[in-house]
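In this document, chain identifiers A, B, C, D and E correspond to the written order of the chains, with residue numbering beginning at 1 in each.
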Amino acid sequence: MVGVLLGMLLAPLLALGLGAGAAHASVPTLCLAQAGQTACVSGTVGNRTNPVEGADVVLRDEAGTEVDSLTTAADGKYSFQVTEAGDYFLFIDPESLPDDVEIIPPAPRFQAEDGSIRVPVKLGRTTAPDLEVRSVDYDADGASFGEQIIQSVAQGLRLGLLLALASVGLSLIYGTTGLSSFSHAEQVTLGGMVAYGLINVGGLNLWLGIVLTTVICGATGYIQDRLMWQPLRRRGLGLTQMMIVTIGLALAAQYAFQFFVGASQQKVLVRTFDVVEIGPVRMTDMSFVAMGVALVAIGVVGFVLLRTRIGQATRAVSDNPALAAASGIDVDRIIRLVWIAATALAGLGGVFYALVVSNGIRWDTGMQILLLLFAAVTLGGLGTAFGAFVGAIIIGLVVELAGPLGAPGDLKYAVALVILILLLMVRPQGLLGRAVRVG
Amino acid sequence: MSEPTTTTPNGAATGSQDLADPAQRRALMADVVQEPGSSKPDPILTVDRIQRHFGGVTAVDVSHLEVQRGLITALIGPNGAGKTTFFNLITGFDRPASGKGAHWSFNGAKLDRTSAPKVAKAGMVRTFQLTKALSRMTVIDNMLLGAKDQSGESLAKAMFKPLWRDQEAAVLVKAEELLDRFKLLEKKDDYAGSLSGGQRKLLEMARALMTDPTMIMLDEPMAGVNPALTQSLLGHIQTLRDEGMTVLFVEHDMHVVQHISDWIVVMAEGRVVAEGPADTVMANPAVIDAYLGAHHDTDLGDDDLLSDEVISELHHEADEDEARRAREEGH
Amino acid sequence: MNEFLGILDAVVGEAISPDTAAVAIAVIGLNIHFGFTGLLNIGQAGYMLLGAYGMAISITYDIPLALAVLIGLVVSVLFSLILGLPTLKLRGDYLAIVTISAAEIIRYTGRLAAFEDFTGGSQGIFGKNYQGPFMDLSFFGDGSFELLPLSYRDAGGGDVVRVLGLLVAIAAIVGIVIIGKRMKAADGEAPKIGTSATPKLILAALGVVLFLALFFSFPQSEPRTSVDGWWVRVVAWSLVGISCIIVFLLVRSPWGRLLRGIREDEEAMRSLGKNVFAIKMQALIIGGMFGALGGMVYVLTGSVQADSMGRQLTFFAYTALLLGGAATIFGPVLGSVLFFSARILVREMSGAYVPNSIMSNQQTEQFSYVVVGVALVLLVIFRPQGILGNKRELRFHV
Amino acid sequence: GSEDSEPEATDNESSSESTDSAAPADDEFTNDECPNGSTSDDSFKAGGILPLTGNLAFLGPPEVAGVGMAVSDINAAGGVNGADACHQIEDSGDTTDLSISTASARKLIQDKASVVIGAASSSVSLNFVDRLTAAKITQVSPANTAVDLSGYSDFYFRTAPPDGIQGNALGSLISSDGFQKVAFIVFSDTYGTGLRDVVQETIEAGGGECTYGCKGDGDEFPAGQTTFSSEVSAATNSNPDAIVILAFDETKAIVPELASTGWDMSATYFSDGNTADFSEDFEAGTLTGAQGTIPGADAAQDFKDRLVAWNEYAFNDGLTDFAYAAESYDATILAALAAYKGGATDSVTVQKNFAAVSGATGGEECTSYADCTAMLDEGNEIRYVGPSGIGPIDEENDPSSAFVGIYTYNENNKNELTTTVEGQKQS
Amino acid sequence: MNTETTPSPAAVPGAGQTPVVEAKDLVAGYLPGVNILNGCSLTAYPGEMIGIIGPNGAGKSTLLKAMFGLVKVHSGTVHLGERDITNMAANQLVQMGVGFVPQSNNVFPSLSIQENLRMGLFLRPKKLRERLDAMWDLFPNLHDRKDRSAGALSGGERQSLAMARALMMEPSVLLLDEPSAGLSPVRQDETFIRTRQINKTGVCVVMVEQNARRCLQVCDRGYVLDQGRDAYTGGGRELANDPKVIELYLGTLAKEVGKE
C-alpha cells in the first residue's frame, strides 16, 4: 500500500531526474531503492572527475550467478537493481580497463577470493561497492610539508596586511584619544558594504570604486568626530563611557547593515580572479594587489606618523591634550585627522578583505575579526601604530600557520590568543611598547 | 612618646638619647666623619653598592650610605643627580643593576629584593615627587587608606562591621587631626582630584604620615607649598622627629634644608659627594659651585645681575657637572 | 489597550525574568572588577560559562546540586588564579585584552568537538539533563497560592487586575528609586546607604509590595517547576538581593576602600604598604564568583551553550553596568533590568506600530536593534554617569 | 470552537484552487497577522520563532513566507473549525544572544499560541524547548536536523528530517560517484558536525576514508568565520578525491578560495545548508558539476512561485531563497490539521493529533489543507503529504522518512534537481 | 599672527598705557556651580613682569588657566591688547603670541625632548632649526639628552623642558605657573634671571610662584591671591615687606634663616 503510494509520488520526480530512459547501457544516474522491495548497487568506475569508459562490470550473487552486467559509458557509471538482500560480488574485467589505470584492492572486509568486490546489500538502500580505480602514477601524498608552510606563510602575510590596515587605525585612535573603539570592526564592514554597493550593485569600475569607498569611509570618520566625538570630548565624557558608545554604535551599525543589505554574504565583485603561482605560493592576482596596496597605505601612514609634525602631534595629543593645545596644536583637528585616517584605512582594508580574504562581505564580517584586531594592537604595544602593524602580521601568520603546524582547526583563533597572552606575560608592554617611569 | 634618656656613649646600638634636644643631636653627630659614606652611630638605613643605569646613563651609583636613626637627614643635589631614583630603588619601586652586590637594610632587616608594599609595611614610607592623589576618592578616604594594619582591610572581616568599627573611628580621628594641621580639613569631602598642585603635595605627605612610619622619605615635599604653611609643617615634622621618627627628605629650598635638617647628604651624578651638618656642607665650595650658586643669597631684583656675565656664570656653574656627564655618556 | 497591555506584559516579563536576574548577578561581579577596583575585565561571560559548565556537568555526573554549585564556584576561583597570577601585574588595558582572550578561549574550548562528552560540544548541554535537582527543590506546591482575597490564578486572569498590579509595581519602583536617591543625597558619599532605619524599612516594604504586585500580575502556567516559573524567578532574584547585600557590606568596609584606591593609583597604594596584587586577586576572585553564579542562574532556564556566553554578553553586561551606574550598589541591577526590558520595549513598539507595508517583520526586527544601539549611544551621551552613578566622579579621569 | 461550521462550500472551492492553479493570482492571498491580544482560545494561532536577525537571518524570509502562506491557505479554506488562523512571527536571533529567543518564547507562551514554528537552528531550539514544553505549547521545527532532538519532548516535533537521512543520501552519492578519499570543510555546530558524522560513516562503511575535517579531529571552523584560506589549503593538501562543504552562507567565501587552488568543482558536495542558487555570487562556470543534497522532495516550481507571490503580496519584497520554506509550510498545515481533527485550537490538541494527521496511524493521503479537512470531516484518518514530502511522524516525533533531492550545478551556478532519493530514518 | 616681539616703548610700565593683558572680574570654575575665581582681576602693562603669590588652593593656577582658555570663564573678560580673548581656545592664543607653562603635566612624556620642543613650535615649523639652536644654548642640559623621552626626565629636567617648550614660539606674553618648582637653587636663580632677561626684551611675563622671596625680588608688581580674589597688589618689594602679606602668606622662614 505505502509502496504504491510512494511509487505514485515518485513518478513525476523520476521523470524529472531521469529524463529519457533509453538504452540499457545509459542507466539512470541513481538506481532508486524502494523500501522493503528493491536495493541498488551503483557506483562509478574511476570517479566523477576521471571516469573510465568501456569497463566491463559484472554483478554476481552469492552463488556466483551473474545478476547483471554492463559496459560503462563516458561517465563511468554503473548501476544494478536487485530484489533480495545479501552479499553480492562486483567484478570488473581488468582487460577492459585502459593501461594507465589500475584497480586498488578494496578494504579487506570487501575482498573476495576471485578478485571481485563483496557488496553487502540491504533492501531499500543504495550501496556503492568499494571500487577504487586509479591511474597508475597516482601519488597519495599531497604538497610537501615545506610547500604547505610557505603557502600558509603567504596567506598569513595577506591576512596580516589586511588586518593591519584596520588595526593601525584602531591603534591610532587608541593612541591619540585613549579610546578602545569597538565599532572599528564595523568600519571595516562598512568598507566592504560601500564597495558592494558601488561596484556590485552600482556597477562602478573596481578601482574607482575602491578609491571612492575609501573616501566615503574617511568621510564617516569625519562626520562621526564632528557630530559625536568632538562634542563628547568637550563635555569631558570618560573613556569607558565612550567605549560603551562605540559598543552601541557597533550594534546599530550591524543591524543597519542587515536592514539595508540583508543578512547574507554579498560579493563586492562577481568575478573569479586569476590565480598566480610564484614557486609554491598560489594566490589570486588580486591578493597580490591587495597586499601591495596595504603595504603602500601603511607605509604612507607610517611616514606621516614618524616623519611629519602632524604625526608627532598625534602623540603629543595622546600624551596631554591640554598641553598640546597650549603648544598651539589644534587638538580637535588632529583628532579629526586621526579619525579620518583610521576610518579610511579600515574602509580600504574592508574592501580588500572582502575581495580576497573573506570573498564577500556580510553584516558581521568585521565583528568576526574584532578580537584579532585588538589582539594585534595589544601584541604590538598599545598605541604604537607600528606595533599594531607588526602585531597584525604576527596574528595573520599565527592564524594561518596554526593548522599546518598541528593545531586543530577550530582552535586557530584560540592559538592566536594564547600566543598573545603568553607574550604579554613575558613583555607586559607589548612588543614595541615602552615601559614608563615611576615616581 | 619620647624615650627616656639613657646615656650610652655614642649611643651605638640603642641610640636612645633624647633627640628632641638640639644639643644632644649635635653631640650625637659630632664624632661622625664628614665625608661621603661615613658610618653613623646608629644607622637605621644602610645602603651598599647600589647602582642603576638607564641606557648608558648612571643615574645612581652609591657605594655606601648610612642614615642616622631619629634625625632629619636632607638629600640634596642638582637636578638629575639621581635622588628620586635612589628613593625608588630603596623603597622597592625600581630594581638596582644586578651583579653589583647591591645590598641595603632597614632597621636591621635586609631589603634587597623586597617589594614596595613590604618596604612600606616595614616602616619605611615614601612620597612621590610627582604626586599621586587617588583622584576619584575623597581627601578623607585618601587619608584613611594610609592607616596601617586595619583589620577591616582583611577580606575575611570586611563584611562584619563590628569587627572594625572602633578601629575605623580611631583612624578617622587621627586623619582629621592631620588634615587640620595640613590645612586640608575643609577639603575633606572633596575628591582628591580637585585639589590644587600644592594641596596634593600636602595630601601626599599627610597620607604618608597616616602610616606611622618609622622612617619617612619625602621627595621634595615643600615644592609648591606656600611659605607660611611650609613653616608650620616643618614644625610638625620636627615634632615627629622628636617623637622618634627618622626623616630623609629631598628638597631644593635651602631655607627649609637649613632650618630643619640635622645632617645633609649631597648627591651628584648618582654618587654621594659630601655629607655633613648644614653649615659645613653649605659652605663647601664644590656644593656652592654645582648646586647653590654664587648668588644664592643675593637679591635678584638688581638689574645689574642681568648682565650676560652673570648669566653665563650661573649657567656655567650648573652645567659644569652636566657637561661632564654628557661627555661620559658619550663613551 | 490590548496592544499596550501586550507590550507591557512583554516588557515586564523581560524585566523580571530569571535571565535578567542572572545577568544582573554577573554585572554585580563585573562591578566589583571594573566599578570598584578598576580591573578592566572584558571576559565576564567566560566566568559565566565556566560556572554554568561547572554546575551542569557536575549534575550530569550525579553530583548533588549544592556540591555542583560549589564546584562551579571553585572552577571560577581557579580560573581567576590562573588568569590573575600572570596578568594582574599588567597595565589595565592589557588585562582587558587578556581577559577577553581567555573568555574566548574558554568558549572555543567548550565547543570543541574533542570535549563533546562533557560539554556537548557545539550543541551544548540540554537543560533537562541538569535542571531536575533544582526544580525538585521547589516549594511552590501545585502553584495555586492565595493571599487573603487574592488568589494567584484568578488575579492573573483579569486585565484590570493586571493593569492595576503593574501600576502598583511601577509605583513601587519609582518609590524605591526616589528613596534610594534621597538616602544617598543625605549621605553625601557614594556607596554608603542610609543611617536612620526608617528609609530602610520603607525600602523593604516597597520591595515586598513590588514582588507581590508582579507575582499577581504574572500568572505562570506551571509555576512550580517550569523553567519560566516562579520558583526560578524567586531564587534568581533572591540571589540578586543577597549579592547586593554582600557587595554593600564589602564595599563600605575598609577593604572596599582598598579596591577604590587601587582603581585610582596602584603605585600610591604600594607606597602605603598595601599588597596591591593580593587585593586585586581577591577582587578578581570575588567578582568572578558572582560571574559564575550568574552563569549558573542563566542556564537554569535554558541550556548550556558556549556561544550564548560570548563577547556579546560581556558587552551587554558592561552596558548594563554603565547604564545603571558603575561603582554603585544597585546600579548593576537597575542597569540590567532597564537594558533588557528597554530592548524588548523597542522591539515590541516597532513591531506593533510599524506597518508591514513599510517594513517587513524582519526589517522591523532589525530596525529595532538599530534603535536600541542608537538609544544606548544617546543614553550614555546624556547621562554618562549612569542612572545611579555619581557625576562628580566623572570629572577626574585616571 | 465548533466543528460543524460551514465546511463544504469553502473546502471545495479552495481545494480546486490549490490543486489546479499553477500560478495563482495575488488576490487569493491574505497576510493574517494575529491581532494583539488574540490567543489560541479564539483563533488558530501559528506562532513562529524564526531567524529574523543574526547569522541565520538569511533563512528567515523563506520560513516566514512558508508559515504565512500556509495561514493564508488555511483561511482560504475556511480556517480551523471556524476559527480564523493567524500567524505571529517572533525573532529567534542566534546562539550568540539567546535572550532574544527566550523573550520570543515567553511572549508566545503568554499569548497562548496554538503552535510555535521554529526555531531554525537546533541550538536555538534547545534554548527554549523546555520552556515551551513546560507551558504545554507544541513546537514544530521546520529546520532542526540535530540527531539529539529526536524524541526530546512530547511537545517537540519537526518536519525536517534528522541528519541521518540526508547524511546517508549524501554519503552514498559520493561513494557511488567513485570517490574514496573525502575531505570535509565543516562548521562547528550541531548541524554541521552531525551531518558530517553521518556522511563520514556512510563513506567509511563503503570502504572510503576521510582525509580532513574528520570526526574528532577538531578541524571544524566556528560559525561565522570569514577567512577560509587555511581550511581550504589544509583540505586540498590532504589530497582528497572529493570535498564536502557543510556550511551556510560561509560557502560563498569557501568556494572562491577552493577555486583559487585549482580544485575541480565537480568533486565538490554541498548539503541543504548551502545548496542554493549561486548565480548572483560567482562568475559563470565556477561551480559547474558540483552537487548537493536538500532534504524534502523538490519543492515544486509552482509552490515556489506561490511563495514568491505571497511574499510580494505581504511584504512587497522578492524571495530568492527557498530553504525550509516547504517544511515551514507543512509544519503549519500539519498543526492546523491536528487542531482541526481535535476540534480545538489549543496547543495540547495540536500536540495530541499532530502525528495522526501526518499519517502515523495510517490513513488516506491528501495533499492540501482543504482536501484534508474535507476527508477529516468525513471521519477518515488522513495522511497529509505536502510539498516537503516527509513521511509520517514517528514515535520520536521525527519524520519517519523523507525525500532527499540531489542537485547538480550548471554553468550558471544554479542548482538543478537531478534526482531524488528517499531516505529512511535509521535506528 | 604676532610674530615679532614688540619692543616696549617705555621701560617703566604704568597706567595710561593700554594693558597687554587684562583680566577683569573673572568668575570661573571647574564644576558648574562651584566658582574658584570670584571676581579676580589682573592687569599687565607692556614690558611688565607680574608675580602672583598666594596660599595653596587660592586659585592662582586657575587664574592662569582661565586667562589661557583652559578653564571656562563664567563672567568677566580677558583682553589681549584690544582684543577680547575670553574663552578663546588655547591653540589660537598661542598663535596670537601667548605662551603658557602649566604647573604640572607640562611635558609630553612619550615624546623625546627634541620632539617636545618641536611641538612647542608647531605653528611655525619653518623656524625650527633656528629656535632649537637657541634653546640648546639656553638649556644645554637638554641638548645632551635631546633624544631621550621626556617621561624619563627627573623633576627638574622636566621643568627646564617645560620652560623651553613655551619659549620656542617666542611669545610676547608669557604665563608661567611655578617655573622654579623642583629646580636646584642655582637653576632657580638662573630661571628667575633668565625670565627677567626675557622680560627686558619686551615680553610681558605673568608668573605664579611659591618661591615668593625670589619672585617678588624680580617682579615689577605682585598680586596676592586668596580665595579666588586678588587680595593685595603692589610693587614686588612693597608686598614682600607688607606685614599682612607676610603673616598670611610669606611666613618668616626665609628671614629667620637669613638671620641665623
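A few notes on this one:
One rule holds for everything that comes next: a residue touches a chain if its C-beta (ideal position, glycine included) is under 8 Å from a C-beta of that chain, and two chains touch if they have at least 3 such contacts.
No experiment lies behind these values; they were computed from the predicted model shown.
Counting hops only between chains that touch, chain B reaches chain E in a minimum of 1.
Chains that touch both chain C and chain E are the following: A, B. The chain closest to the protein's centre is C, with centres computed as averages of CA atoms.
The mean-CA centres of chain B and chain C are about 49 angstrom from one another, to the nearest whole unit.
Mean C-alpha positions place chain C and chain D at a centre distance of 36 Å.
The centroid of the Cα atoms in chain A and the matching centroid in chain D are 26 Å apart. With centres defined as mean CA coordinates, chain E is found 77 Å away from chain D.
Annotation for chain C: residues touching 2 or more other chains are 108, 111-114, 267, 366, 369, 392, 395. Residues of chain A found to touch two or more other chains are 255, 258, 408, 410-411, 413, 438-439. The multi-chain contact residues of chain E, meaning those touching 2 or more other chains, are 30-31, 152.
Residues 68, 70, 89-91, 94-95, 100, 102, 105-111, 115, 118-120, 122-123, 125, 149, 151-152, 165-166, 169 of chain E are the ones that touch chain A when the two sit in their complex.
By the touch criterion given at the top, residues 53-58, 60, 172-173, 175-180, 188, 206-208, 213, 217-222, 224-231, 233-234, 236-239, 241-242, 249-250, 252-257, 259-262, 264, 266-267, 280-283, 286, 289, 297-298, 321, 365, 385, 389, 401, 403, 406, 417-422, 424 of chain D touch chain A in their complex.
The part of chain C that touches chain A in the complex is made up of residues 34, 86-87, 89-91, 93-94, 96-98, 100-102, 104-105, 108-109, 111-114, 267, 311, 315, 318-319, 322, 326, 363, 366-367, 369-377, 380-381, 384, 394-395, 397. Against chain E, the residues of chain A that register as touching in their complex are 309, 312-313, 315-316, 318-320, 322-331, 434, 436-437.
For chain A in complex with chain C, the touching residues are 180, 182, 228, 232, 235-245, 247-256, 258-259, 370-371, 374-375, 378, 382, 408, 410-411, 413-414, 417-418, 420-421, 424-425, 428-430, 438-439.
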